[in-house]
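Letters A, B, C, D and E name the chains as they come in the text, with residue numbers starting at 1 for each one.
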Amino acid sequence: MKRNNTADENTLAAASLGSRPYFNFSSKWSTVVLLVAILSGIGVFIWWLNIPFIEDIFTSSVITLISVLGFQLYMGNSGILNWSYVGYVGIGAFASAIFSMEPSLKAMQIPIMYPFLQKLHLPFIPAVLAGALVAMIIAAVVAWPLMRLSDAVGSITQFALLIVINVLLSQWAEVTNGPRTFTLGGSRQTTIWVALGFAILVITFVYYFKESSLGMKLRTSRDDRYAARSSGINFVKVRYQGYVTSAFIGGLAGGLYSHYILSITAGSFYMSELFKLLSMVVIGGSMSVSGAFFGALIVTLAQQGLRQLELGLTRSGFEAYGMSEIVVAILMILFLILRPNGVTGGRELSLEALRNLFRPKQYTNNNGNKK
Amino acid sequence: MESTSIFEVSGLSKSFAGLKAVDNVSMKIKTGEILGLIGPNGSGKTTFINLVTGMLEKDAGRITIDQHNIGEMQAYQIPVHGLVRTYQTIRLFKHLSSLENVMIGALGVGMKRKQAAAVAEDLLEELGLSERRDAPAQGLTFRDQRLLEIARALAAKPRFLLLDEPAAGLNEEETDELFALLSVMPEQKNIGILIVDHDMRLIMNLCNRLHVLNYGQTIAEGKPEDVRRNPEVVVAYLGSEAS
Amino acid sequence: MSANIFIEFVINVLSMGSLYALIALGLVFVYGICNLVNFAYGEFITVSAYVLYFVGTFTDLPWWLVFLIAIGSGALTGFLSELIAFRPFRGRSLDALLVTSFAVSIILQRSFQLGISPRSRAVPVPDFFNINVSLLGVVTPLRNMLLIGTTIILLIAVLILMRRTSLGIAMRGASENFVTARLMGVPANLVISIAFVISGILAGVVAIFWSARTGSVEPMMGSGPLLIGFISVVIGGMQSLVGAVVGGYVYAFIANMLSLTLPSSLLSFRDAIMFVIVIAFLVLKPEGLIRGKYQEERVG
Amino acid sequence: MKKRMIMILVFVLVLALSLMSMAGCDRREGSESVDNGDKLIIGGAMSVTGIQGSLDSPAMEGVELAIAEVNAAGGIDGKMLEFRNMDSKSDSATAAEVAKQLVDQGAVAIITSSDYDFGGPAARAAQEAGIVGISPSASSPLFGSEMLGDKQFTLSMWNTTMGAVMAEKAYGDGMRTAYVVTDDFIDYTKSLSRYFVECFEKLGGEVLLEDVFSQGRLDTAALIAHYKALPEVPDFIYISSYMPDLGTLIKEMRTAGIDSPIYGGDAYDDPALFELLGEDFGNDIYWDSHSFNSEEAVPGFNEYYAAYKEMYGRDVDAPWSMAGYDVVMVLSEAMKEVGTDGAKMAKYMEDNSFECMTGTLDWSDAASGHEPNKAAAIMKLVDGKSVFLGWATPEYLPEP
Amino acid sequence: MNDKKQTIQEQGSGAIPAPILQVNDLVVGYGAIEVLHGVSIDVREGELVSICGVNGAGKSTLLKSVAGVLKPRSGSIRFKGNEVGGKKPENLHKHGISLVPEGREIFPSLTVGENLRIGAFGRYDAKRYEADLADYFELFPILKERYNQAGGLLSGGEQQMLAIARGLISRPDLLMLDEPSLGLSPTMVDLIFELIRTLKARGITILLVEQNARRALEIADRAYLFSNGRIEYSGMSDELAESIDITSVYLGGNNGGEIL
């Protein structure tokens, strides 16, 4: 079969199913379409419900989703757990807050803030993007020497880096108001629509990244870095690029978060946040974008449900505070044991996968061309 | 029609903790020929391959392809100069599809994505793997994995291909297939092949020349039938009679 | 005055270093055998501290029995967490293990909050812990001396265990080459369980001295010792028991130096400085600090 | 097979939980209509877990006690009060989030955490919804109408009062030189030191050194070394911090042979601290706080004590519970008088003064920040037991 | 030591002793690759059986499966009459199977003495241990000299000695040696083979995997020739050595090796 190679990656990827005429549009890009459709569907439904507190929960979950996608972008493609990721979320949150806050407000709230920071002032969206850029630049500066470390050493240095970032965020009073709460003035700017819009962009981008040649190269270093090296891939470099990209998305999520919640402390970007992201990725399946998506969905639902349960139990006299984390942690261990690749098993949601879901399983090891 | 390239190694040495794994080995391969590198277990063959592909740092020696000194390069810089390898224990990207695996070979030497995809498609077709193009590599049969690894190497459009025990784990029939594939490759693609294998049936029939290592040193070189009769080679393989 | 400061500095370094050495030792025992930086180690300490609180407050048992029970509970926690949470991951990826220990840590922390109280509780300690002694003109609590003494005794005990007994030798062998050790008849489950039990015992001892110092126990108390142990282990070289002990003392030395020399406004950045040192250590000579199986395996 | 079973179980669990979260909304919609039904919801965004838990938990007990009392007396215009707390986990973000949820569930007022950093975000959510938010004992001057809005109050005296009272007390005790340690963890600890130092220096005292540390990163050795390196032995030490580091610091200082008197603020009012210091170290420590557990300090305490004991089966814990109790009493008085409209309630609270367990309380108007006008109770620790020394109002009050 | 030798001699005088190790139709593989495709061998008490064949033929895989490091996909491994396939290595060691692994695998930071001590871990018996130690010091005098040195500091040959002594000190009923001559200098190879001969004379049952076919056949009672995960030839070693052109197995046949 002669193929027309002017087609871009979409059709290329779909071409395997050459014998399937009714589905010529990309099978792979259906993932993005489906995920976006699900997310917007829920969003519109919730907007229609018009219950403010559900809308709030949804908005904050969407921000978390962006954060998880950035986390997955590196972890899923490189196979390396990035312990310092939430640090970049924090940097993005603080940086964008500093950018967007009125200088007079900054002067009032944090009188000791460096004057050049006090003078900065950007509108909301540019501030968020600038914050993400700051996170990315910091990642770019610190990460280069760390990228060639792997395995235990790599994990340890990333973990140490997280602690360093946390100490700086929580102690550098001239920048972040120190251990105290940093309060942004004004009203919430990350509305449900802003969050949704960014989420759609980020889903698309993260998916595109995975399928891009950079993403592909990064995935090779996950599967076998020796083979990657001997195939001409400088895995240190692609890891670095992936890491920095992921820090950008993390910073973006942080900026959206700070403009949603309006009061931030360094503690919000530390162990328990890391644990939350980790549990989402583990439960959903770290190797696919869909995994991060569904992981975020499941954990958010579970946490909200458990919070209601906590409330209910407490009202009936049984103190159940803190239960949600325990349940999520146990869930996570169960997943790690029983289904290490998460609910999605590392696969992407796609039209084809949906079709297979409703079709009796008949293939054992031959899933290339089943009827 | 196509030019001849020369891959040349001279005086290559490497020792581990005082033990000389590769000791002053020199070798020369031209495009279009197949050289077999053999020797008993532990004689330094794999170390040799790791050295010339930059996976290990050499102690001494010079490695060139057409005057390009690749001996000082990092492993990932070498494929673009025309030298690629395969592994004894197959090293595929197991979660990537067959197509992506092959594409990587091309992307690794700087090809654009579209071109890489085209090259990969063609290679899969050529090696009869097209049907499995979207299946993750880990689901392939062992034979297909071997072929896929070779396809990935070929996607880099190499001048020289280093095959580390490509027949290991293949049954006789599959080895015959491999023979058929490899024997025409040098001429078809104008590449030179260095092959390490223990399957003497394959080696003896496939190679133009043999190079025998023992204790890291070259003990014989020449045509297969000569090498086979070389008493030193026989001793290396079977051991000497007790003195 | 300055002589006194010097003596006080030395006593501080020795006593804090002893505590840190014990903490590091507990971490490195598990790390050496399973490659696992056990995030839940801090919570092992917390468990023992709570047992100390409960048994010490609500019973009239003599102090030594209370201590024994607390240490025993640490050992039991180590044993059970290995059995329930870590054993299913035998042979799985490092990250899976790390994530699990992280999850175990969260579960234990939240359980304390839920089951006991988020508030800190005063831990009773025997009176002689608070007696002050005068040493070369410097007043210091007796428990610092006890701590140094206990550490020396424990180090000797560990040394005898690891150098003289078959089990200890087997554990050292297993930490170098697990498969070969099993081929020699060293049971994998036994060795790993023992590592966790010893780690738990050390956590118990640490709990006694740590809570004697802070005077209280609360659900999150484990994170402090965990980080200290973590830094010490890295400084000491991850794999070696001796290294961990040395790392503990080095850490105490650096920390005390920084405390003395840093102005108080920078003091709160001390952890950051320590961890930058850790990162620098790991980047500059990862193979020097972390020997053996952590080097990337050679191809072929 | 077993695997699949567990997967199904997990799925069912998640499904159930999500349904439960939906159930939460049903309640909300129900409660909106409950306005003309038979109950009034008082929302609580207080921290049960985390560092703030040790102050908020007792306060919550007081809240529950007061609610029971109000309901026993027939409620507010026949409507029963219901207290609904969601754990804000000593985290400002969570506080904001749960406060919003409570507003959506129809809360008529929000009781926030006893601190500006952890309670402020919840107060902001209440302000946005136009209802009253009130903290039992947040003492930072930031907790008021200026920073948070015109419907936000704290029942506690501000740190201006708290710092000034202690400065005057120390100076009155003949103390002239001070070593001040500030935990820069939250605004409470930071501003308390600031006002204390300001008043003490105005009186003519001298601060030899101000040291800083952060909760959770306490380095006693460093502080003790700094203390010992002072050119002269200070008359006393002022520590503005929190449990658990506060206890560790005092104990270690005492152990290191430092026996200067120690002064501090209301965070000292923690039974865990008394217990930790015990007879050995629990002496020569002074602080001011909101109230004291005795009939002598608080008329009507015995009655309160009896009710508390009946409800919880144990002695009154910290005086924080009285602040919680007072909060509900103030709110219910306002609701009785002017109904549940937030603006009206706030106006009523500004205009009137209240007789509380924690002393007489009079808020300034919104323009001047809802500054609480209140007396502080001064306490002393003797052999690990707190002793009431008397009520005090400062001569000079620093500007917030 | 001595009493063991006697029992063997007594048995030897009677009928053929029952096989101590019996492997039937063993199939083993890693991942997608199957390495052994149905191998059957047996080893009788007191015998020295050698397995030869080119690299990659599955010899080491066989030993690792018998020692419990690898789990068989199918087939059976019977040791002293009991099925042991898939059991844990530590348990098999207790039952008397001892593997001296390829590449020696000495614990580098442990001393020679400690290496030996681990070797006896599963079957430690203080009294016997001391006596055996003295005995092995006679066999391997170098180990006595180096007793307190770290294993990693020994030369290759010394390490191989240590590995063999470590495998022996538990008094195994079956000693398996995986490529003991690999990477050693010719003189050292001579020494090792001499040693194996001595061990055989002491009545120790040995299963030897060796690439050096000539030497292996010379000292073995029986031999199996592996190729590609199958047994190509088997028989008494002297017969094998005479009847087959081993060179062709290793280096390809004169003409039998044609492809296609």
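Here is the rule we go by: a residue touches a chain if its C-beta (ideal position, glycine included) is under 8 Å from a C-beta of that chain, and two chains touch if they have at least 3 such contacts.
Being a predicted model, the structure only gives us computed values, none of them experimental.
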item	value
Intersection of contact partners for chain A and chain E	B, C
Pair exhibiting more inter-chain C-beta contacts, C-E or A-B	A-B
Between chain B and chain A, distance of the C-alpha-averaged centres to the nearest whole Å	41
Centroid distance [mean C-alpha coordinates] between chain C and chain A, Å	34
Separation of chain C from chain D, taking each centre as the mean of its C-alpha atoms, in whole Å	36
Residues of chain C touching at least two other chains	110, 113, 118, 268, 271, 299
Sites on chain A at which at least two other chains make contact	171, 226, 319, 321-322
Overlap residues in chain D, where contacts from two or more other chains coincide	48-49, 184, 214
In the complex, chain C residues that touch chain D	4-5, 8-9, 12, 16, 110, 113, 117-123, 130, 132, 139-141, 213-216, 218, 221, 224, 255-256, 259-260, 262, 264-265, 267-268, 270-271
Residues of chain C touching chain A in the complex	35, 37, 85, 88-89, 92, 94-96, 98-100, 102-104, 106-107, 110-111, 113-114, 118, 223, 227, 230, 234, 238, 268-269, 271-272, 275-276, 278-279, 282-283, 286, 290, 294, 296, 299
In the complex, chain C residues that touch chain E	166, 169-170, 172-173, 176-177, 179-188
Footprint of chain C on chain E - complex, ascending	67-69, 88-91, 93-94, 98-99, 101, 105, 107-110, 114-115, 117-124, 166, 170
Of all residues in chain E, those that touch chain B in their complex	32-35, 54-57, 156, 179, 181-183, 186, 189-190, 193, 211-216, 218, 228, 246-247, 250-253, 257-260
